[in-house]
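What follows is chain A paired twice: with chain B in the first complex and chain C in the second.
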Partner chain A sequence: MNNETASKETILEIRDLKVNIKTDEGTLTAVRGVNLTIKKGETLGLVGESGCGKSLTSKAILGINDKKCKAEGEIIFDAENLGRVNLLSLNPRGKEIRSVRGKQISMIFQEPMVAFSPMYTIGNQINEATLLHITRDKKKAREISLDVMKKVGIANAEKRYDQYPHEFSGGMLQRALIAMALVCSPRLLIADEPTTALDVTIQAQILELMKSLQKDFGMSILFITHDLGTVARMCDRVAVMYLGRIVESAPAVEIYKNPQHPYTRGLIGSVHKIGTKAQERLFSSEGTVPLALNLPAGCGFYDRCSRRIDGVCNVYDPQLVDIGQEHQIACFACTGCPYGKGGKEEKANE
Partner chain B sequence: MSKGDQILDVRNIHMRFNSKGICVRAVTDVSFPVYEGETIGVVGESGCGKTTLGRCIVRAYEPSEGSVMYTTSEGEIIDFLKIDKQTMKKYRKEIQMIFQDPYSSLDPRMTVLDIIKEPLLANFPRMPKAEMERKVMDIAARVGLNTAYLKRYPHAFSGGQRQRIGIARALVLNPRIIVCDEAVSALDVSIQAQVINLLHDLQKEFGLTYLFISHDLSVVEYISDRVGVMYLGKMVEFAPTKNLFEHPMHPYTESLLSAVPVADPTVQNERIPLTGEIPNPANPPSGCHFHTRCRYCTERCSQEVPAYREMEPGHYVACHRAEELKLKGFSYE
Partner chain C sequence: MLKYIGKRMLLFIPTLIIISVVIFFIIQLPPGDYVTSYVAALSAEGETFTAEDIAQLRLQFGLDDPWFVQYFNWVKNIVTRGDFGYSFEYGRSVWSVIMDRLYLTLAVSFVILVFQYGVSLPIGIYCANHQYSVGDYALSFIGFIGTATPNFLLAIIIMYVVYVNTGEVYLGLFSTEMLQNGMRWEYVPEFLGRCLIPLIVIGTSGTCGIIRTVRAQMLDEQARQYTLTARAKGCSEATITYKYCLRAALNPVVSGMAGSLRTIFSGSTVSAIVMNLAIQGPVLLTALKSQDMYLAGTIVLIQAVLVLVGTLLSDIALAWLDPRIRFAERG
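Up next is the complex of A and B:
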């Protein structure tokens, strides 16, 4: 992927991103070196369980993490006005990042009920971005906002414009949130669990809406979720995250058909695939995700892994290795260890 | 799964909430039998009345009408909703509940030991302390809690562990029936799998009967023997799991199934769109409640309430056109 044409298509590149959080017990490294690329027009799914750092990663892109969180590394964004720029090097309160945040990169948050202020009308809140980035003319802004509200399927937009969030249902509110994110036609949309709080039928509507809007606007989407079903429906590529690291990344079809990392396999095995004969037991990894505080050396999944190799996995840190077309994994048991003791035999046994 | 004897017979449950002169019919005329050792799944969108139904059955709410005939372990049949408080106390411990949110359903100021012990204190106040603690220890160990940590408070436990505490609390009284209200919805998938496996094992071990209320169709399909689909307070379809998922007979079930995201990108099920949103239950549509969103709707649907009838053995549906419609479900390979 290092050739020039590929890098031209890349809209966002995250290199070795670390996010440290200061706590009373010491520094917690919640994101421990994430590498990601998002290309133009594609949807990348970032999958992982709660606490794996997926939301922190996405918030680091916009520089909206809590003050206690410190991000290191590089987040290179192909901005319209600034060219390729490292977002982390910008002043988080400066003019440059403001021209990116909300305009070129925007975000849909998890809970629509919480994301809106109850004190202002929906129209007012959608207008905020319009007035900041597009026009100062309030009448024009209203027109633009109404237009987007219609595009996301809010019926009776003129009336809805002057209503307050409590007058909206969950699904409608999520549509309004999407309208707010799309009003400036962003190049990259970050969707942080956009459908988790919704019913399946509404969820399907919203996902389809996002897909069709993606086609119209030609934007890229970073889709963050823990739901493997929506990932299968939405994403072109999937990156699986565990304990602040990407452990596997591959095209969506590949990751379901041919998962390699033991964690990915566990994750897929732990979900019953509807419409198929039920397996006797669901697969479940032992234990829970450890706290990213004073982590021991080696692979973060070591304690829970069924294929761990003593003397390798708890000593060395696995890095992402290419194992196929756009398929990368970080696991010694699958790829063998470059530092000596190999894991190849283990694979043959399976 | 082999069916045991009938343990519960839910008959014509109605639940109406009145507030400010508005009557909300949360549950309307729901009936189904429950057999010992089976798992009944109840699915539906939020606001369809599935939680209210669960709470009516354990008598956390007093239903407006209807009865829940309960076959006691001695073989006696009683109406769970009509018995007085004293008798109620005797039987309440046989029907327990596991709640949705493992964060708000545990008292933060009680130790885990006390939380699990509380039902024993309430029901067997004269039980010796040592025996009580032994029981708590046993059950805690059984659900996979580390008994060394029982003196800790709930905040020290993760979501999955907390849900185990909730399960232990429900199990400590040796119930026969457990109503699980969205018991795994708040958990991460891998933890969800652990808890589902645990529920499965416990069912085998203690011969438990579950009423599993959830909006997650994949989980319900996995765990249930029979499934009921609710829409706007009514049971619109009720059938053995495989029948329901393979040959749904109600258009609502069909749309619901087609909306489920399947964890496999090569399966792109054609979605049958549901337009609009759930109508206001205080003012439900006339005739068939679903007719405003149904793509097979006819004149008759908007005027006449469809009868809830048995189409195939064990397969109940409330739709005027159930006989003629061929609806799409999942094809099991």
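Up next is the complex of A and C:
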């Protein structure tokens, strides 16, 4: 299936995306040049720990980041009505970007309990996107909404339609949120940690649901998470993000079998596997993520890396390099430094 | 919902009984009574009273009874005959004194209330949507000045400025001609003009508070996740502001309205005196000063009723606005 999807057309391409946040202490570059492509019908997992810039990246696609955040670079989207368009060049409050939001790219958020306004019924809020993008006929919109609500497994949809969010359970709300995102059959669905706030049994249900809906709707998914178990289940390809950059990108199977970047290895080592002895400690990366304010030169993972090469990793910025079939990595320790000192030969002599 | 309202209304009865006892007791607390202050006032003008005259007056007004007997008689007359007692100062029934000024009071206060919310809601929304902009700072600055300046001072300043520039003295809501000839249609523009100063003076005092509340609430709501959800759906900024944020931001504003019914009935005493407005506030002040106890007691009692009714009304409005409150009451 991986090879099949790989040959398909690109639906979204992010080129050198940077997101700067103005703070009182100065400008914080939270996303530092991200490159990503998502193909039609594919699920791309974006993995990284809290604060690495995954959410900012995803919100930048829709242009719904906070006013304090400024995005640079290019986000090329293959839009139905606008053709291939750089979403960042559109006015974030304008009509064009709004015709993309909710209709062609929609988003599921991590906390369903606060993602709905408590003031309006679920039906009202699901309808809104349909009324904006598809039809002005309220009866028709209601039918479409009910249909999607049934599809995502909300039993008794007619009754649920007129209920308020506080009458829903967390899992049901997440289903409603998915229904709201899918009601206009988007080409790309961004799922920002959609199962983090749910308990484990519900998580599994929601993930299965998303997978089957993806088949029905034929959409691409950008799946954002810090949970590698979910990634294995959901994604075709995985991009690992650290401190505002992609450090490794590969097909999902490859990432598990053959992780290269020290950070990715750390992440995979930190997943609890069945068969591990209870006394054995899970691997945890040392240190914490540095604040992306006044970052020193060099690799962002330098301070925490077990394989760091002094004089190289803290001097040069590693770039993504191809190391295999669709497998890219940004690490001098793995690929050698192209800048002279600390290259593979020299390392071998040590 | 109806059951809830009924329950709340029933609770009014014990609350009112307690409040009325407290009111009456407190009004009786200062040493002396109406006769004492009446005699003192007339003696100052050279009249002489014998001890017999004074005893006669006290008997006539029933002031020698213990306070709870007086209270009981007062309440009995209110409940059985709708008679709120006798105003010593005015020499007629309390109710007729209140009715004198009731309509004008209600008209003036209602206009002020509409002015306050009509001005401060849009400003609050603007300030939230343009947080930290020049406009936000400027409007907040003006609002704070309006709040910090005592109303009577503002009244004097505005009247002075108007006088210097136009030569007109706008004192009171009616000109001498209006009072002589009664109200006619041709006087309406001038009457409205005369309303303007009290409107600005009394209206600005509450505005800043409401602006700050609305602004803070709107900012809170804008940071909510559901605002982001709405934006991600493709909603316009106007939908986000009015449908989502404002609706949720109104809660504390509506609760705040509970007290305004009382203000409508008898607020802004000092400004009313300065501007010579024939509204209820100054009446209460003089009644308290001259120990005209039934008049003072009645006005305070009506205020208490209005606070209760205002609270009920704002609770009903809240339930209508916010489904979560509505459902909590049902269950």
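To be clear about the criterion, the second predicted complex is superposed on the first by the 328 of 350 C-alpha atoms of A that agree within 3 Å, B and C clash if a C-alpha of one lies under 4 Å from a C-alpha of the other, contacts with A are read in each partner's own complex, and residues count from 1 in each chain.
We adopt the following convention: a contact is a pair of C-beta atoms (placed from the backbone, for glycine too) under 8 Å apart; a residue touches a chain by one contact, two chains touch by 3 or more.
Note that the structure is a prediction, hence the values are computed from the model and not measured.
Of the two partner chains placed around the shared chain by superposition, chain C is the only one that A:Pro118 touches, whereas chain B remains out of contact.
Legend: residue contacts after superposition of the two complexes on their common chain; A:Asp227 is shown touching chain B, with no touch to chain C.
Counting the residues of chain A touched by each of chain B and chain C gives the higher count for B.
Touch criterion met: A:Leu132 reaches chain C, while chain B stays clear of it. By the document's definition of touching, of the two partners only chain C reaches A:Ile64; chain B does not.
With both structures placed on the common chain, the touch criterion links A:Ser50 to chain B but leaves chain C unconnected.
Once the two complexes are overlaid on the shared chain, A:Ala252 sits against chain B while remaining clear of chain C.
Judged by the touch definition given at the top, the superposed model places A:Gln203 against chain B, while chain C stays out of reach. Overlap of the chain B and chain C interfaces on chain A: none, as no residue is touched by both.
Partner chain B is touched in their complex by these residues of chain A: 49-50, 169-172, 199-205, 207-208, 226-233, 235, 252-253, 256-257, 266-278, 281-285, 288. Chain B makes touch with chain A in their complex at residues 45-46, 158-161, 188-194, 196-197, 200, 215, 217-219, 221-222, 245, 255-256, 258-268, 271, 273-274, 277, 329-333. Residue ranges on chain A touching chain C, taken from their complex, read 59, 62, 64, 93, 98-103, 106-107, 109, 111, 114-120, 125, 128-129, 132-133, 164, 166-167, 177, 180. Those residues of chain C that touch chain A in the complex are listed here as 224-226, 228-237, 239, 243-244, 247-248, 321-324, 327.
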